[in-house]
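Input: structures, listed below.
Below, chain A partners chain B and then partners chain C, in two separate complexes.
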Partner chain A sequence: MKSTFNTSLITLLLIVAPALVAKAQDTRIQMSSLDHLAAKASQTVDVNVDERLMKLAARLFSDKDEDEREVKKLIEGLKGIYVKSFEFETEGQFGAADLEPIRAQLRGAGWTRMVNVVSKKEGNVEVYLQFAGEMINGLAVLHTDDKELTVVNIVGPVNLDKLAELEGQMGIPDLGIESPKPKKKTNEQ
Partner chain B sequence: MKDDYLWDKTGEPDPQIQQLEEILGTLRYQPKQLEIPEDLPLPRRRNYVPWLAIAAGLLLALLAGGIWLSTRSSREIPQRQAEVTPPPVIEEKSPAPVESKAPERRPDSRKEVIAINRHRPRVPTPVLSKHEREEALMAKEQVMLALRLTTEKLSLVHKKTQNTNPANQIKNQHRVG
Partner chain C sequence: MKTIATKIFIAVFVMCLASAPVVHGKGDDFNSVVKMIEEFYNVKHVGIPFLAKAGMKVATTAARIKGGTARRLAEAGSIKLAVFEDQKFNGDFAKFRSSLNQALHATWMPLIQTLSAAGEEQTYIFLRDAGDKTNVLVVTIDERDATVVQVTLSQKNLALLLKDPEGTGKAITEEATLIDQE
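Moving on, here comes the complex of A and B:
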């Protein structure tokens, strides 16, 4: 009787555990609450690339071209990239209530706000990371300006070093995160 | 009492009973050793060891034969190909500049052809269907757009944090020092 109970308990754990782990590791942010802003926006960017599409896209990146190889390395292992960006002609087209569902998700599920930049000119940018041990398992960027709202969500192991390596390549802007040379550094100081 | 003799042999014996005792006494139990006749067939315990040894030997022989055949066939295939494929065909297939550049390496090129004919495990090259390719192209564009946007935002963050960093560094230095 006892052994039957133990067996059934172990079986139940084996069934439930992967689901719990998957749930815990899910770093995708639901952005459908922002869809209604598309009607007000003058320009909308909506990117939905799931794991299947990511793998398909990765096959088109050439291994011979250095730039493409770098992008391929970066996106390998990613489970999805989701972006919603709205640009408005006038101010006040969205409010805190519109962002609340996104913020609510970022408050929980292991997200950590790493950076919060507040700028009167360029708006506010918040960078959230989700860690799985020492690895970054998800990235979220929330940019709000008077006339712009952008939410970026990268699901999966994000390599920020490789992302930095992409700067200036294939139309990707230069991040300027290169470590400064010692001479320059001394001059600046 | 005559009856007592029947119970414990006391009292007066009854002659009839005595007579019966004498007659039946010959059939009385007499202890003696068990004699087993030599010609009695005994059930023997079967010994499977020789049969198992034979079976194992056969199995090993079969395995060895199989391995030998597979290695032999893999060695023979290129040889057959080499015999069947005439050299002029290889010359026609190989591009002219290669021939002119390295005419001495013809045997090597033939070896290459032979190597191709070997049954080596080939990695299947995945071929995208038209629909899949369109999807992949769209996805690639989307990925690039998303990466551009992400790096733009991170760039903005970096610029802002870089502007504030020197002051913080100085403050930290003061705090530590």
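Moving on, here comes the complex of A and C:
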């Protein structure tokens, strides 16, 4: 009888475990819906620094070198950096329908759009944070311009100050994010 | 009762095993990628010995690789290089990209992939853990030429690559295929 119980418990765990893992990765934005834009783009950049690489990077950056120490501090605790960026020769190569799958995810539980973020970059920059209580679990930036589209997704504890410092590192493009004011507004489209 | 529970357990266990990623042998991926390019684009790569004999412009690559500038990034003796010169790389780049990612995803981690002008220029950088070092596979394809470089990086140079993936990736290819200007 005990053996049956143990077997059933293991079976249950095997079934439930993948769901728990999936839950933990919820701050990862799925960007593959944008892949079709590559055929129209003059330049496409796709960066994937997953948790394994983040751990590796955190281990590799030296504490002795000042620059490396700074980067190490910034990436500690992060679980991934994902970037997809498209540049087009002409306007009108992408529209709201292309962005909808991304926006739909950002309308999901926990995501909050930061309305007080200022960017030096031309076009529209939307910044979203995912909160779990007071903790920030992830960040997403959606930058759209007439001829440009960039989605940045950082998974893990990150804030906008950190993002500003990470720009230009680890494949994150320069988004011109300026230090934010400490206000937030619940997600709205 | 026990039999049913055991059967369920075995079934779930087998399903889990079946869904686990298949791990391929580490040694063949460089050659597989070269072969994939050859088959997909119907082109042929040129080996270093042939280049050296023919006195082609990339001939100096061999000398460079054996002890020259490439060693600034790669560990000595760790470079594998395949060069495709002056051939047509016409094809559905999205399909090629998908095939490449599919072929390597079990053992290599995609770091950065850049495509420009409808696939006229493609760059792919993959990483693979090799103990205290890391294997880096860089594939660059443009309209007429392509290069596949596999190097082993020390931790210090991997840090450089992770800090600036695009810049360091280009440097690896450029150093491995440097034309001697002297």
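Everything that follows uses one rule, which is that the second predicted complex is superposed on the first by the 128 of 189 C-alpha atoms of A that agree within 3 Å, B and C clash if a C-alpha of one lies under 4 Å from a C-alpha of the other, contacts with A are read in each partner's own complex, and residues count from 1 in each chain.
Methods note: a residue touches a chain if its C-beta (ideal position, glycine included) is under 8 Å from a C-beta of that chain, and two chains touch if they have at least 3 such contacts.
All figures in this text were calculated on a predicted structure; none of them were measured in a lab.
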Look at A:H143 in the shared chain and tell me whether it touches chain B only, chain C only, both, or neither; answer first, second, both or neither. first
With the two complexes superposed on chain A, say which partner A:T90 touches: chain B (first), chain C (second), both, or neither. neither
Give one of first, second, both or neither to describe whether A:L163 is in contact with chain B, with chain C, with both, or with none. first
For A:E122, is the partner it touches chain B (first), chain C (second), both, or none of the two (neither)? first
When the two structures are overlaid on chain A, which partner does A:V71 contact: first (chain B), second (chain C), both, or neither? both
If we overlay the two complexes on their shared chain A, which of chain B and chain C does A:Q43 touch? Say first, second, both or neither. second
If you stack the two complexes on chain A, which partner ends up touching A:A57: first (chain B), second (chain C), both, or neither? both
Can you pull the chain A residues that chain B and chain C both touch? 45, 47-49, 53, 56-57, 59-61, 71, 170-171
Inside the complex, what are the residues of chain C that reach chain A? 1-2, 5-6, 8-9, 12-13, 16, 93-94, 109-119, 127, 129, 134, 155-156, 158-159, 162-166
Chain A residues touching chain C in their complex are 3-4, 7-8, 10-11, 14-15, 35, 38-50, 52-53, 56-57, 59-62, 68, 71, 169-171
Going by the contact rule set out above, which residues of chain A touch chain B in the complex? 45, 47-49, 53-54, 56-57, 59-61, 71, 74-75, 81-83, 85, 115, 117, 119, 122, 125, 127, 139, 141, 143, 150, 152, 154, 163, 166-167, 170-177
Once bound in the complex, which stretches of chain B touch chain A? 126, 128, 132-133, 135-140, 142-162
